[in-house]
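Each chain gets a letter, A, B, C, D and E, in the order it is written, and its residues are counted from 1.
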């Protein structure tokens, strides 16, 4: 039984690795079409990645090995998450408490990359990473509240138990899912909250010093992180059986991504303090929802 | 370059240009001539860049920053000299504080022991966005070069014969006596 | 069997010999002697504790020193020593951290001038002795005596650098606050012994019924006394001043071990002396949650390396107290499995915190040793000159912020498992704990990156060299232990489960039956095989790939890109003070509340006590007088009680 | 709400991009593109060289091979059309070609080499044969002989004869 | 320094002004120019104070001319614009080549600080009493007593690039022990190649956390020696092409101003049809420039869809320009005396212009009201980078930047040139002076320009395209003023012999607006710095020859903006 689960886990991981950049290509196409441009081909992100992975990287910053190593450790962390999150196949290497491990691995992959970008020494990288850390701290509060809500409503921390959280139709769960949707949008670092990598202000934010192969892995792990977050959102909605996962999951995945891109093209960029205030208001909402759930709804 | 056939990330380096060419580079990314459909993306940091869109005649003051920027782009790089100022120095090519476009810069790079990268020249003042895109496609080896050096040398035979006729015509009118040579008179029109 | 039976005396002998000897010897030799002897003591402690765990032996020894039996005195006549699984666990911690800190201290101490060295080494060994005795003695009265001794000796350790005004002031503040705390314990224990247990002071005999008012008051007093020493929220103000001033290996001991002794007593108090009640569960977990939030949020703002670590000690103690409170609450709700998990979380985090906090203090100390600087705004780029210290600091920072493969994660994971599933109040505290763990990681990103990365540093980096081998090796040992405890939870759990058996037998039966010995397999009703090892295996599978990709790719070295401008490198440094300014502004309510309390309580009370204390400054200065006063108090107490 | 209206407006407007490298684009007839010298018409008079602000057109007389080279360097040209106005023979014309990218600098040059005409008296090469031929054909019969001389000789010859006339 | 006591009645017109100025020196009136030469010793500062503060005129610029071949002296002309009398007062100071020292007027008029230092750089005339007599424009390693704008200096003399520059590039300062000075903030270089700015200008922001504590503009040279080339190599008509290439966005404004200056000097009156065509092309260029600015502003605010929309509209404007003039940006229509023949706007072209402009306006009005009302655009621009009316007057800002802060200045309305004489121009003026107001002013100006072009096209007369410019008298002074998309653009010309200029000095509007940027940046968020810098729509190639001090070499003191700007 354990070997079957491991096989499912590995297949899930491969699916997410492959489909991540593809979704990014679709997004760029849609964003172009919304701006009256023809836009690149769907595989353009793959072409970029292949080109970047073949280019040699650049060593800079004081512990230049740490500067370069942190990118790959961040990438591997995300890989581990994709092992136990059921995406295309409904199995996976789940275990008790992996709901918390999911949150931790996502934030730890970001921590590693940011430590690397801090050590590059460029002032832009420092400011970009500080913004990224502040935003991830704020959104982690809301994520924690959502996790608590899920654990409360399904009274288990095992992903496979928890997943179809909609099985328990309570108002607090529905509001929680809505807030989770917003937080997933923010964690995707979509435009109103795309502050760590603000192109016009910080010339690439925390990715300014990475080149070639490292940059390829960073972009790849960004796309994987986006897919994982969306998969987590979808898994909370659709029940956990083969048919749903094979058919409805990809459709839902692409449609959510398309909706997010449409929202993103309509927005300008918010400053760091405005977005932090916004996320804090979101956390107050979630405190109310948890209270609601505790009372019994 | 084979590596960049499908995707080329571009860094814009303005070394003192009148920013006519810089605006045309941005026009290449605007909806009408969308360069992104060809896989071209303008990046903010030289580390991410594969090619440099070089504009401007390299003023003396800009030289240190330009040299530092060119060295900041990782190795397999292409330089596209965009605009008359970059290709040949433009109107101010011989001014006292201008290095005369990309050739002047490469002379400095050579003196600093840095090998000048592969260069594509895109003339025009300012070059149309389509011309820039054609330059980019040429750099990636996807488009042919429509421009070639053309030389024309007049055949010597008929020209020499015509010269003799004229000389004969002259000698016919002014036979024999020729006036002494007078001092050379300097004509006023200065010619450079 | 006979010789082994007295092995617990070994540490006492070593330490008392070193204490007595340093009375006469001054200077460098005194420190060497005391270090060697305390090292030997710590190793023997380790041997003792492993002995207890492996062969599940308990040592019991009563030493009668007052021959005349009298009704009131029989309690006091006997000096009872009992080492069971719980005290063995703490002895293990004291031994482990004590040994490593002493090794580190050997070379580190040379940095200081030698005129107070004798007095320092005396206090050092006395400090370890008093901690060891406090843990093994099973007599309330003697516990208080060694408790006082511990406070006294650590106070002198803190204010060791006489020339630094701050150190002396910190010493005074630390002493006054903990002295007030121990008053509470004394009163509490007096009531407990006289009123409730007719003069029988041995642990086994004390039983306080928390339901009735008098019992509740005694437990409350005892708890407050312990809470002050454990630097729990309302009483935590002394720790951020005291720990940074002490020499690094002492502050490692202080925050690694000393603030754990109150936790030991709390466990005894709540599980042995009185039955764990619902009311106490709520109080303790609330205080735990408050501590972790306030401690860590304040730590985010600090720009002094050791002060930041001290505030984080307060934060991490919050996790431990939260674990304890959760277990109390869950036991009273009859949910034994979760209670067991919570208690295990509390104990597990205890040893983890001891490991990574002392590693952090040691690295901060070696940075101060090499550069003499503690201000994060001006440090930077040390990884090039001090690679081993940087590696140890990185491992410790990552493990304190709970990054999966390291040990911080496992204990925090256990805390979340227990709190999230408990529902109700604990759920809210669990959410706070998860949020605060990301704040910890942010502040430790700041700690590590400002000190070790980013070349554009403002210090004269050329003169910096790697710390001597003994200091760097001790840090690395702690780092390796952090990884081992993180990847193989079996090792610490095998230490913790016997404790569970002793302290909370009813919880152990439930835990023991439904889950196999390595608690890592907690699988409530599903084939879970969470095992940090799985993560480690996956990570190691990718390491060759990482090695090939990273190290092999010999690439050109570039300067950081400053948009082509020629700004001098020194000005580019992004100082520590401006790291999370926005976050602090937006999440500023905690600070405003804290400032209000700080201004109101802390500003007034210590100043008044401090001024009173200043009046006796002449008196307090001379150590002999201090001891006389102490003995006088004890004798008076004896007489009063005796008669 | 306005956000969505803007996006819907964009969607209604549809894609504006042109398929440039794969399909040619419409070029207005007045476009000032690459100047091209028509070698047959060019007489090497140098009027365009004088009129060109950025010195894209330069002239070099090579006495050794007695050739005059009119060199047009497109890299430095600013496409202002002054040379087209200045050329008396209409030899240089601004075409509507704008795709001028080239890999090496040599491809940006257009060189027209014309044979130099030597003055019958002093043998100094001073202009091209073509120019003298066209000047001579344009002049009335009696002045043709004088036009074949270089300015210096012509001046001394006319001065010599004029002194005769006065006398 | 104010000369008190002269309670004389104010002169009513320029003739009374001439008589009144006789006390300071010898006035000579020719048309719109009142020359004041042979200033009595010691009365210069009173004269400047009288002109600048008392008569309500404003100091425009100063020009240094090496007239040794003509009359053996260095001349320094201070140009004052007195709109009330419709006259340019040129104060002519003489400095003999042996000991070239002249009294400085910066203490009275701080705005003259830079112009005088430029003269020091290029002509070598020292100014007694100048607060910061340092080098302004020439690069760092320029030898000491070599003055480019002197007649004896060959224009294409290539000084060897010293190895200092190579060292500058390679040098990485060692980490030295320096205690952290109190004012020691992090320096964030919004440097020459920052993605937010597409020109090589360079701002040094002193940052505390995310807030900007102080900003310093460090001159980055886009100095290409335009004036020297124009004097030595180019003929009159060729200079209009180099004038057009001073700035890639407002090129035609510069060439029009130059041609008007020469026409003023030589007294050529331009046929009306040429004036109409010039105004039409100027308005087209203004629309093009404002579209460009709007697009860049939206890009900096992160709203890329807005950037794409604006630049899609701009494409149609550039197609229109390509139809009319044959090149998308460099129209090249101007020669001295009018418009070149092929550039005539015949009736079919007029119909084309009208059709295209209507299309653009209709599409433009469909988008802009919605985009401007977007919530986060408002939040990022309302109340950010505020420049109050008093500051605007203090830094003497020009163009839409000034109109957004409540100052009514527009050359088209108050000193009409070209075809603006025959058409009245209404200008939008707002008071709250933040980026949002500047956006609205530029939005209004686009609509106003479109109407203006329609009115100009309706009554374009039928006259020849350019006047006869065969004879241009020698040594005549002329000033040409136009309203560039960024502000008032002024060209000073002295005609020379042999179809060549003797002296030409373009002064672009951006260097006035530039002074206000550090003041606006102080106290704002770092994330807003690019949008604030872009809000003055800087065009640094315009200001190439008057650009602020460079900090690198110790020799040059950093320009403390507070110190420089007293003045109006």
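Quick note on the criterion: a contact is a pair of C-beta atoms (placed from the backbone, for glycine too) under 8 Å apart; a residue touches a chain by one contact, two chains touch by 3 or more.
Keep in mind the model is a prediction, meaning the values are calculated, not measured.
Chemist: Note down the smallest number of touching-chain steps it takes to go from chain A to chain D.
Modeler: The fewest steps needed to get from chain A to chain D is 1.
Chemist: Identify the chains adjacent to both chain B and chain E in the sense defined at the top.
Modeler: A, C, D
Chemist: Considering A-C alongside B-C, which chain pair is linked by more C-beta pairs in contact?
Modeler: Greater number of contacting C-beta pairs: A-C.
Chemist: If you average the Cα atoms per chain, which one ends up farthest from chain A?
Modeler: The chain farthest from chain A, judged by C-alpha centres, is D.
Chemist: Based on mean C-alpha positions, which chain is nearest the centroid of every protein C-alpha shown?
Modeler: A
Chemist: Centre to centre, using CA atoms, which chain is the farthest one from chain C?
Modeler: D
Chemist: Just give me the whole-number Å value for how far the CA centre of chain D lies from that of chain E.
Modeler: 35
Chemist: Suppose each chain is reduced to the average of its Cα coordinates; what separation in Å results between chain C and chain E?
Modeler: A distance of 68 Å separates the two centres.
Chemist: If you average the CA atoms of chain B and of chain D, how far apart do the two points sit, in angstrom?
Modeler: Going by mean C-alpha positions, chain B sits 18 Å from chain D.
Chemist: Need the CA-centroid distance for the pair chain A / chain E, whole Å please.
Modeler: For chain A versus chain E, the centre distance works out to 49 Å.
Chemist: Among the residues of chain B, which ones contact at least 2 other chains?
Modeler: 31-32, 34, 37-38, 43-47, 64-65, 68-69, 74-75, 90-91, 94, 125, 128, 192
Chemist: Out of chain A, which residues touch more than one other chain, so two or more?
Modeler: 34-38, 56, 58, 123-124, 127, 131, 199-200, 203, 208-209, 212, 265-267, 272-273 - these are the residues of chain A that touch more than one other chain.
Chemist: Residues of chain D that touch two or more other chains: which are they?
Modeler: 3, 6-7, 10, 16-17, 53, 78-79 - these are the residues of chain D that touch more than one other chain.
Chemist: Which chains touch, pair by pair?
Modeler: Listed by label, chains in contact pair as A-B, A-C, A-D, A-E, B-C, B-D, B-E, C-E, D-E.
Chemist: Tell me, which parts of chain A touch chain B in their complex?
Modeler: That would be residues 28, 32, 35-41, 44, 47-48, 50-51, 54-56, 58, 199-200, 202-204, 207-212, 215 of chain A.
Chemist: Show which residues of chain A lie in contact with chain E when the two form their complex.
Modeler: It comes out as residues 34-37, 123-124, 127, 131, 191-192, 194-195, 198-201, 203, 265-274.
Chemist: Looking at the complex, which residues from chain B come into contact with chain A?
Modeler: My answer: residues 3-4, 6-7, 9, 31, 34, 36-39, 41, 43-45, 47-48, 50, 74-76.
Chemist: Mind pulling up the chain B residues that touch chain C in the complex?
Modeler: Within the complex, chain B contacts chain C at residues 45-47, 64-66, 68-69, 72, 74-75.
Chemist: Enumerate the contact residues on chain D facing chain E in the complex.
Modeler: My answer: residues 2-3, 5-7, 9-10, 16, 28, 30-32, 51, 53, 78-82, 85.
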